[in-house]
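We just call them A, B, C and D in the order they show up, numbering each chain from 1.
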Amino acid sequence: MTPILELKNISKAFGPVKVLTGVDFDLRPGEVHALMGENGAGKSTMIRIAAGDHRAEEGEIRLDGKPRRFAGPREAQGEGIIVVHQELLLFPALSVAENVFLGHQPKTAAGLVDWGRMRREARDLLDRLDCPNLDVDQRVSRLSVADRQRVEIARALSRNARVLIMDEPTAALAEADVRRLLEVVRRLRSEGVAIVYVSHRMNEIFEIADRVTVLRDGVSVGTRPIAEVTEASLVSMMVGRDIHQLFPKEDIPRGEKRLELRGVSLAGVVEDISFDLHAGEILGIAGLVGSGRTELAQTIFGVTPATSGEILVDGKPQKIASVREAIDAGIAYVPEDRGSHGIIRAQPLRENVSMAILDRLTKFSVVDTGREQSLATDAIKRFSIRARDARQRVGQLSGGNQQKVVLAKWLATEPKILILDEPTRGVDVGAKTEIHRLMGELAKKGLAILMISSELPEVLGMSDRVLVMREGRLSAIVDRKDASPAAVGAAMMQGRREPARAGAAR
Amino acid sequence: MSRRLTHTLGSLGQEILLVVVILALFAFVGVYNPRFLSENNLTSIFVGNAYIAVAAIGMSLVIISGNIDVSIGALIGVLAVISGLLVTNGYPIWVAWLAPLVVGAAINAVVGCLIAYARVPSIIATLAMLSILSGGLITFTGGQWISGLPAGYQLAQFRLFNVPSPVWFMIGMTILAGFLMRYTTFGRSVYAVGSNPEAARATGISYKATVVKVFAIHGAIGGVAAVLFATQLQVIQSTVPVGLELVIITASVVGGVSILGGVGTVFGSTLAAILFAAIGSSLIFLNVSAYWLRAVQGILILATVLADMARRRRTG
Amino acid sequence: QSAWTGGDDQPTNPLACTGESPAPEPGEYNGGTPTGAPDRNGKDLKVVDIPKLVGVGYFASTASGMQEAAKELGNITVNTDGPTRANIDEQITFVDNYITSGVDGILFAANDPVAIAPVLKKALDAGINVVGYDADAEADARQWFVNQALPNGVAKSMMDQLASEIGEEGSFAIVTSTFTTPNQARWISEMQAYTEKCHPNLKFLETVEAQEDNILSFNQAQTLINKYGDELKGILGMTSVATPAAAEAVQQNGLCGKVSVVGLALPNAMKPYINSDCIQSTILWNTVDLGYAAVEVMRQVADGTLKPGDKTVKAGRLGELPIVNQSQVLLGQPKVFTKADINDFDF
Amino acid sequence: MTAMTRILIRHEAILGILFVVVLIAMASQNDRFLTTANLLNQARLMTEVGLIAIPMTFVIVTGGIDLSVGSILGLCAILLGVFWQNLGLPLPAAIGLSLAAGTAAGFANGLIVTRFRVPPLIATLATLALYRGLAEGISQARSVRGYPDWFAVLGRGDFLGIPTQLWLFALVAALGIFILRFTTFGRTTYAIGNNEAAAEFSGLPVERTKLLIYTASGFISALAAIVFVSRVSTTRSDMGSGIELEVITAVVLGGTSIFGGRGMVIGTLIGLCLMQILQNGLSLSGVRGDGTTVVIGAVLIVAVLISNLLSRFSSD
């Protein structure tokens, strides 16, 4: 069978940085071809080349066996090559329906945009993805990350794709949504669509992929049928070494009580939460997307101060009405949205690391740059951040290294309580284990850690206790010894209303 | 259905607010002095400011696309003078009417290229254009007014069904532009580019081409405004009204076009332009000392914007 | 409203209602003197003309009068340069730069008499001859000022003309540029004083601002017409921008003969309305002559032939001009142009 | 890339080179240009714009803009006169009150921007009209004159052979450089401009910083008003109109990104001086004011184009 799409000997550099070197890739009709690799391995770049978004310096693209050059994304789309982008390229100010159809709106006979048909067809597509609650007239800026991901997928489905490329489509989705998406992928495959599927989640790969290609440092390490690889062999292909222990959890004796919540609520989002957190403990929070975990964390951290209830730090009631007060109380929060809440891309590593403790680095409100510099170089060493020096802009680092910068920034505040919100989202296996190892170390030093994660294995692997949230409420607290995927999963889903059927909601 | 209605009302919030404010103003002043509502006065409110409303349509396009233009006042001055010079130098009247559209489109296409291809931020490119156009205008005309305009040139004095042509232009162009923005792919790509240029590119919409087109259309609309400006009286002034660009931008923004791009309609800016004209006129009718005119305008802009913010917060 | 909005608070001096007023005695010279000026008698002069703003017809025509005089004299070059907006700050910068560049003489029309004074004094200190026209500065900041017409004379011409057109009982409104413009403010004050004295039954309605913007002037005149309906008998235009725009509004409303427009305007701008019998007259000094006289005075000041204490000055084709108010050269009485003679003028 | 080349392709460095080139070109055109007297005099003339440009740099670095500075200047000038002459206060007290009023006006801007989250462009567009309107309403078109001689020292006098206001300007500029470059306040300013949410999540006082910056902008505008009144020894309600565009031109010419997050006070100073010597030098070489305006517009575009072009060769 001739491949529908073929990349031959592709090389690409951004300025002096070589990102892809002589990569080969082929895609057959009716297959799901997984693409894997560490952060910064060049997956997204390769995809963008195939989609006509970037131009490769060397190599050629063959479509149906014939060489092609794409002048821009529009040409590639004309050939039926459709991409679900990793960074959710949506139009926040426009409606859901319009986001789905922008660039190829249905037209009336007179060549005008047919709004009625556009809304109907958008509705149908969303129903196919099983999200009847998503209103097609809603502005995308008001949607949650998960819903935006759905819109992005609906957009790809709205074009009659021959080649569908999905770059981490499930990064923001929870279990149930992932199931439905995989369903759709299977159906498309059976209709003969060729699919490229990028994900850092192993189980999805094994469930859906027919073949897998692994990139490492911009070089293709190889393409294998899925039956010929195991999780361990994939990991060693990706990182170039074996990883023995994914979750290096150590047992640390529980210290004294650091943080206690008594009936904390944030009107309408988080209701009546009570729990305690001890020194040396890692408390995991599990829950579906939208269950209010981020809101809870941000309430503790003073971003959205609690509307009722009490927060106690070291046994004393603490008023937390702003981020500043939370930091002064010894709380640190590593946010889930790294790009918009964690780092300042345009500023040097040094200034990012010192940002939360600027007031401590000053004499008469003048920043002591000497101390700042040594703080940054220490951080680079301690967290083995791969950066040129402390003056490199954070935006130039890879995702995993950016995450380490955020960690360094917050640990510089010498917190007693560390809240980690999705600490390893979109982080590759290698960096992930490093972050996990670090968490263990910190706990050992007596830090109390609250970790939010949508990856069940991570929650189960790293936590001493697991706190489960559902629809803004606490639904269970499970001890490590009792924490099984089944038990936690059940607490997450329990009593969850079945989404109403399509027509009924309108 | 009702849900859709709420959405439509929600997205037209600013326009409805403006209609309410305008009606309230007319009612209030009308009660105080019924002459305010005479046909004659209503017409003159519309006629004298139609060119601002027309120019604000183009400005709305520019702002929706995520840019801004502070040179439009100077451009209108230049185009009006070009039109006048053509007609006084013996060119046919229709040439004098059309040339500003073409020249305006050409000049602004160049500005659009600077913004799209050379990546000069629009406020800087147009700030520079403001200097170049306004300085160049004086250098070129030496400050002489253009008089001796031939009969039949005064387009803005024509009437159709006893309604002066500027009103027709204002209404017609608003509807045309509203239609263009809502029902054509080009119109939708202007919103897309303003909302998220990166995403627009990935969707196959050319940022560069869209921005250049938006500026060219804005220039052509500026040409229409210039012709209305030039043909209202028997002479053409060779300077630009001071602060005209701010009035036009304010009309757009108070009309609900978000300065952050991607949001708004052209109906709002036309309504806002009408509102400003009505305020100016009503202060005279209310015998409010003209010294306070600008303070009242300022308070009104602020009130409209704050009301809009409050409304947006309420509807989420 | 009792105050004619926009007037200044300076004392007024209304003329007699009828008959010629005697020419006022010049009094003792109160202008300034340049220090250390070189002997410029008969030498080539480099003079700069800095009007209130460039880009309006009014100052374009004074500039053309200056060129005419310069050509006639042959030994003086005049260059007109100024701000594009009637802005005191920019005008000061222009004067300052020309002092540095080393001109022999500065002609100016001040946006603000006080604000411009320090920099003009600086010019005098640098030995530059300084002569004003159209809008004066503080007297000791310049040598001579060529006055186009005395404010009370302007007031009399305007109000007498208005009364003759709308009768002694009519109502009228004023369109001015901005309330802050000194010349207009002065004239309005004088008009108010003169009206109280000589036309006590004329009814003042209100004053509106219209910048130096002809469309806005048109709109404002239009609004006045709509507001007052039949009550409004006359509109006074205080600037050469406002008057033709008001005439246009009257014509477009078909009110020719019902509403009079009286005001200051260049004849060229008013010809269409006067020739079509819509408007009867326009009042102005000859702006070309004003520029012409300013250059003539500058030449004589530099030559030393115009000295403090002189009672008249010879100004080329204009003949002898009287000296009034200590250090002002008076161009003459404002002229009322009518259909009979307006077509003889081209400015 | 070496550190040296990285410094050389900074916009500020390019501008510095451009400045020297213009300086040399102007000096060779006219021997009266490069004299101490002329340069000091130019510095005197640019002080008001320069003063306001310092806080404006901060404002633009946060990604905001303040269009109301010219109106605040006008309002404070009028208030100075009203307090002194109409209310009969001693002049120093009038100065203090006028400074307080400017500060309050800036504070109001800050409140509208931070509390009500109105985009700065719209907020200050509204207060631009409002403050100017207040100035006109309060002054009733009357100007105040006849200030005592000691007051003129600030605007027209010298201290140690250097114009008095230049000392003031130097002080404000030095403070501006110091605060933006070395203090936590400066760091916070940059952080807000680059990523406001991240700054907020790091516990930086975002709202307070913005509020302070807009307030400072009001205060310095009032200070500029005092200097201005002292220089021209009169107050009028139209003072400072249009100055906002000059100030913004100087700041963006100086390399401050209109999108925020990038810029230096040094750059603003160079931009300011470049504009001033262009105006002065061209005028001395016999170019008329309108020609100079055209040249400044062209220089603005060229400066941004060059720095865009060079930044392509740098890694960031």
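Observations, loosely collected:
Basically, a contact is a pair of C-beta atoms (placed from the backbone, for glycine too) under 8 Å apart; a residue touches a chain by one contact, two chains touch by 3 or more.
The chain list, named the UniProt way, goes like this: A = ATP-binding cassette domain-containing protein; B = Autoinducer 2 import system permease protein LsrC; D = Autoinducer 2 import system permease protein LsrD.
None of these values were measured; they are calculated from a predicted model.
Comparing the CA-atom centres of all chains against that of chain D, the greatest distance is found for A.
Comparing chain pairs A-D and B-C by the number of C-beta pairs in contact, the larger count belongs to B-C. Chain A and chain D, compared by their mean Cα positions, are separated by 44 Å. Averaging Cα coordinates per chain places chain C and chain D 36 Å apart. Taking each chain's centre as the average of its CA atoms, chain A and chain C sit 74 Å apart. Multi-chain contact residues of chain C (touching two or more other chains) are listed as 5, 54, 84-85, 179. Under the contact definition stated at the top, the residues of chain B that touch 2 or more other chains are 134-135, 137-138, 242, 258, 289, 291, 293. Residue positions of chain A in touch with at least two other chains are not found. Under the contact rule defined at the top, the touching pairs of chains are A-B, A-D, B-C, B-D, C-D.
Taken together, the chain A residues at the contact with chain B in this complex read 51, 53, 72-74, 77, 83, 85, 89-95, 98, 102-103, 105, 112-113, 115, 135, 137-138, 142, 506. Across the complex, chain B is touched by residues 1, 5, 53-57, 59-60, 63, 84-85, 179, 206-209, 211-216, 218-220, 222-227, 229, 241, 244-245, 248, 252-253, 268-269, 272 of chain C.
Against chain D, in their complex, chain B makes its touches with residues 68, 70, 114, 118-121, 123-125, 127-132, 134-139, 242-243, 246, 249-250, 253, 258-260, 289, 291-299, 301-302, 305-306, 309. On the chain A side of its complex with chain D, the touching residues are 15-16, 303, 322-324, 326-327, 333, 335, 340-347, 351, 355-356, 358-359, 362, 365-367, 393, 395-396, 409. Across the complex, chain B meets chain C through its residues 33, 35-36, 38, 40-41, 44, 48-49, 51, 134-135, 137-138, 141-145, 147, 157, 229, 232-235, 237-239, 241-242, 277, 280-281, 284-285, 287, 289-291, 293.
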